[in-house]
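Below, chain A partners chain B and then partners chain C, in two separate complexes.
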Partner chain A sequence: MQLKKRSPAELRLGLMAATCALLVQSAHGQEATDTTADGEKPLQIDAGALYYKENAGRIQSYDAIVTVRKDFGDEYILGLNAAYDSLSGGSPTGAIPNRAAQTFATPSGTSVKAATGAPVTYTTASGRTVAQLSKVSVYTAAPGTLPIDSGFHDQRVAGDISWSQPLGQNNKIAVGGHLSHEEDFRSASANVSFSRDFYSKNTTLGISASTEFDNVNPVGGIPLAGSDYTKLQKGSDRTKQVTGGQLGLTQVLARNWITQVNISYDSSSGYLTDPYKIVSVLDSKGAITGYRFESRPESRARRSIYMGNKVAIGSSVLDLSLRHGTDDWGINNDTIDARYRFNLGSDDLYIEPHLRYYQQSAADFYHLYVSSPGVLPTYMSADPRLAAFTARTIGFKIGVKLQDQDEVSVRVEAYQQDAKVRSSTLTGLSGLDLNPSLQSFICQLNWRFSY
Partner chain B sequence: MSLQQLRTALLALALISLAGCSSLGIKPWERDVLARQEMALDAYPIDTAFDEHIYFSKEAASGGRGFGGGGCGCN
Partner chain C sequence: MNRDVSLERRAVKLHAASFTAMSSPCEVLIETADEALALQLGHLSAAEAWRIETKYSRYLPDSVISRINNSHGAAVEVDTETASLIGFATQCYELSGGSFDVTSGVLRKAWRFDGSKALPDQSHIEQLLSRVGFDKLDWSPPHISLPTGMELDFGGIGKEYAVDRVLGLLTARFEGALLVNFGGDLAANKAPATGPWCVGVERPDTDKQARMLLDFSRGGMATSGDTHRYIEIDGQRYGHILDVRTGWPVTGAPRSVTVAAGSCVEAGLLATLAMLQGEQAEGFLGEQGVQHWCLR
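Entry: the complex of A and B
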């Protein structure tokens, strides 16, 4: 074979071209190893910031979450999650509005105790026996308004870690842990799940279990459940445990439709009372004669069935979910949640309206107020979250895709909760809105990027 | 839902999955639509986390979707 003799210039050009070709090939090879089988980059970071505000001087909060998902290839995936919340404002105490102003002690209030541990009492000019109090600061609810301790503030930090990997052919196992800390509450939980794919990965069956340990250490101590509020009888911290399980089925129904059905059960035990909530005590005409700390059962079992769907309709996507739940406190609940994502232009921009409807029945021991004289119930709570109510959410999200899976988005939503029972036939309460609606507003920013 | 109803629902779920699912589904080369990022069942976990945190603190029900809610003194 006769080799053609090249000039030094031609040789340099040829070597440059070969080097470039190798570099391009090398870059392509690198890209192939830096993306997973389904085209996602191996490190995905999601960051979100949320502003939440309720009406009538209730809660407002600033929340932030960062999640990191690292794919080591072959479906070995590490998940990390950190969250921070800063809350201020106040929640309803459970006491109902009154025609006269009402004065309450802040949660830090405790009674003076004798050496025996019993509260030291004295008799007022009107003949009532009340505790001698120490370290008590007070707040006042104006006539006709819902009592809210607006001096509340707290911060919460939480972290999650999860690991999932294949376990033989068609099986996957995942484990996770969670820790969170607030001034008056600490929580630790762990979960494990196992899933198996069937029928060319069109069907997945999963089973999972979780356990949670909480420590409740409220400001001022744990009130004696059901006791007279004016005596401020309080004890030390308490704990509660939650154990749960879930069975899940994920099924591809069509080329554009995937559905998921979960059946869940959890059982809680320990201190399930809210240490900051009280119940108004009324006489037969509706005049307020006092208050009691609320008292809840020390166990609760909840069951729910959930169905989620993702349906592609052209370039748009419908996300529709339904949930029905029940528990042995007598609370039945139903939720329907729908989001519809319109992809606009060349799919780089989307807008997603969101509607949600929720309803629940009241807990068996929920009372707007209790009446005395007469025997007070063993369990009683006026917490509006245990009342019968309906709730609606309306909102929308706008997102812009940047490159690959990267995107930024903004979400704005409004939420309203309306109690079913808001008035009383008692003469002393006529014309008062005893359980006013809750309205809240959220604004959320999201940022997703990947390497 | 009573325990008996729960057992019935579980049995129904198992039967559906075993008997019905084999005839459902798509071929591996038909997964183009389901592979879209927004078709993931939990496409935006941050939205889910914020929502579950808010609804957990304002309503008596929570979870159902996965390990949602909990770990908060707000309820």
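Entry: the complex of A and C
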């Protein structure tokens, strides 16, 4: 750089030119930088509709979800979320298929027919005689099919609120609450989290805690765990509590690679049994002799470790995560989840394929069925969700960016769950698929806009 | 950081939006009777001033300047806006024959202009001088490599730049007369219908009533010199403008220099360059043919 004495005119003209160049650039950069000012931002609203359907007349649901996010600037953010779900159809009861038709009472039903079809009456726990009650509600599972109480209807409303804000120079604190209500289930929870940035925000350490309180008030009452299904020994509502915590580390590994590791622990206690689930009782040849209400331990502790990565490759983003979980019910699970988002042609249209693989081992007290005569286990469940299974999800999301941050997107996914044990060597059960696969389909429409 | 914007009605068709940015009281005068519009423009002005302050502050660890200053010689890629500011600093360095230098900030470590009577150690000054010199850094747009120990400081142009930017932002949205005033550095687009803006320049006395009143219509105006930042030893007053060649304050400079030019950035630069001329400040400004007011 050569430095020399300038004439007054040279200096003046040079300065005018330099100033002009600086301010012309800034006038061009104006629109782009307007939005970078860390001030109050408009309300961001996400309105979505979701349709979920399982095969073979199982659950089907329609959901409406609205999420509102208000950024008051400087990272003071309020979030509100409301959801309404309408569910119908049914879940497997836990009873296995049989060569003969099986007939069951719905949870609110007051009369039961045995597998033979002969009507029977029993005295309830409260001492009432079922036969005296007028309304009878039963359903029948055809021979060889999985018993499903498909007359089920419920509606769920849920709301969330969250607040997050900075706390001093490098810290952030967030608190949240959640309420949900169904006919037979009410839940309230609260959570708090704290995070701190280190090394110019390249590292973030976080800690969070949550607590949840649920009330289970099933239609027809809470069955006595492990009791004979036909005896309808039922009590009043029960509760359960969950408390949990998480430690997290987020680290920028390279300019285009961010990774996150979380370790989570939660502990549940109280009524963890599913009041609608039963277990088939078989004799030594495999013939059904009756059913028992399922029975689960009254505590559960779960631990998990999660590692997630986001890698930017040009204008595309790869999101790859691994998770391993274990609990004291004996369920160990592993998940691998991959999403890859890339633009189609222009920057305004993107597609994001999604693949997920999940596997778990069975709970210690999971039994496809129990045998009698013999001592029945204290804890038993035939809930397919507690069985050993593998699950695959395949899907994609397409999004169109409108003006500013506005976006319309559609997500479509298919899910298949296959149990590892699906047959029995008992003669009465040969050739039957005792735990048929579950297939489901999800379609979600989302519209994001600012107000 | 105080993030309030207050609005005051000064006349039937004049609103003043006030806030604090860059450690200075900031005021935007808007010729309108529409209170909502004035408040909206005030918020826009404040957001832009705070954005620039946050982006170029030496004190915030996440700022662009801190990123460059803590790069330990590694090349740092900068955005378009920062690139044009560095480009501007390069031209100013060349045009001023090296006397305007955005790397000279480290010299402040030796000098504390708090009215005290302590002179720094010459060896300390010489040690700091080895870390000054715009020619020691490598600027190959958009990458800048700053040797370890050196520091960039846009403090000398940041406030004036913010004034011009805010005026630019507002004139794109508003047709009436505007005056942007950040701690005495100002810019206006035109005179209000009632006549030119009247600007008071504080005299270098403690008596704030003694003001020089100037008429001002459009362009920029900036003042260099701070009546409260000096060292006085043996009757010799050392102002806060440092000569990068010696590491010492310029002697014989006016207590304050006010210049009116096409933009606030240009006015600020001319005022600073005039201060660097010491005794010849008025002569220098006369040669430049700009309107100026020197107070000695």
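Assume the second predicted complex is superposed on the first by the 381 of 451 C-alpha atoms of A that agree within 3 Å, B and C clash if a C-alpha of one lies under 4 Å from a C-alpha of the other, contacts with A are read in each partner's own complex, and residues count from 1 in each chain.
To be clear about the criterion, a contact is a pair of C-beta atoms (placed from the backbone, for glycine too) under 8 Å apart; a residue touches a chain by one contact, two chains touch by 3 or more.
These numbers were taken from a predicted model, which means no experiment stands behind them.
In the superposition on chain A, A:Asp74 contacts chain C only, with no contact to chain B. When the two structures are aligned on the shared chain, A:Thr230 is found in touch with neither chain B nor chain C. Residue contacts after overlaying the shared chain place A:Asn202 against chain B, while chain C stays out of touching range.
One of chain B and chain C touches more residues of chain A, and that partner is B. In the superposed pair of complexes, A:Ser381 makes contact with neither chain B nor chain C.
Using the contact criterion defined above for the overlaid structures, shared-chain residue A:Ser280 touches neither chain B nor chain C, since it reaches no partner. Comparing the two interfaces of chain A, the one with chain B and the one with chain C have residues 38-39, 200-201 in common. Contact residues of chain A toward chain C in the complex are 1-6, 8, 10-12, 14-19, 21-23, 25-27, 29-30, 33-34, 36-39, 73-74, 200-201. Those residues of chain C whose C-beta lies close enough to touch chain A in the complex are 3, 43-44, 46-48, 50-51, 54, 61-62, 67, 80-81, 84-85, 87-88, 91-98, 134-135, 161, 164-165, 168-169, 172, 262-263, 265-266, 269-270, 273, 284, 287-290. Chain A contributes residues 38-39, 46-48, 50, 52, 63, 65, 67, 81, 83, 85, 154, 156, 158, 176, 178, 180, 182, 184-185, 187, 189, 191, 198-203, 205, 208, 210, 212, 214, 216, 242, 244, 246-247, 249-256, 258, 260-266, 274, 302-306, 308, 310, 312, 317, 319, 321, 323-327, 329, 331, 333, 335, 341, 343, 350, 358, 360, 363, 385-386, 391, 397, 405, 409, 411, 415, 417, 438, 440, 442, 444, 446 to its touches with chain B in the complex. Those residues of chain B that touch chain A in the complex are listed here as 1, 6, 9-10, 13, 16-17, 21-22, 24-28, 30-41, 43-47, 49-50, 53-55, 58-61, 63-67, 70-73, 75.
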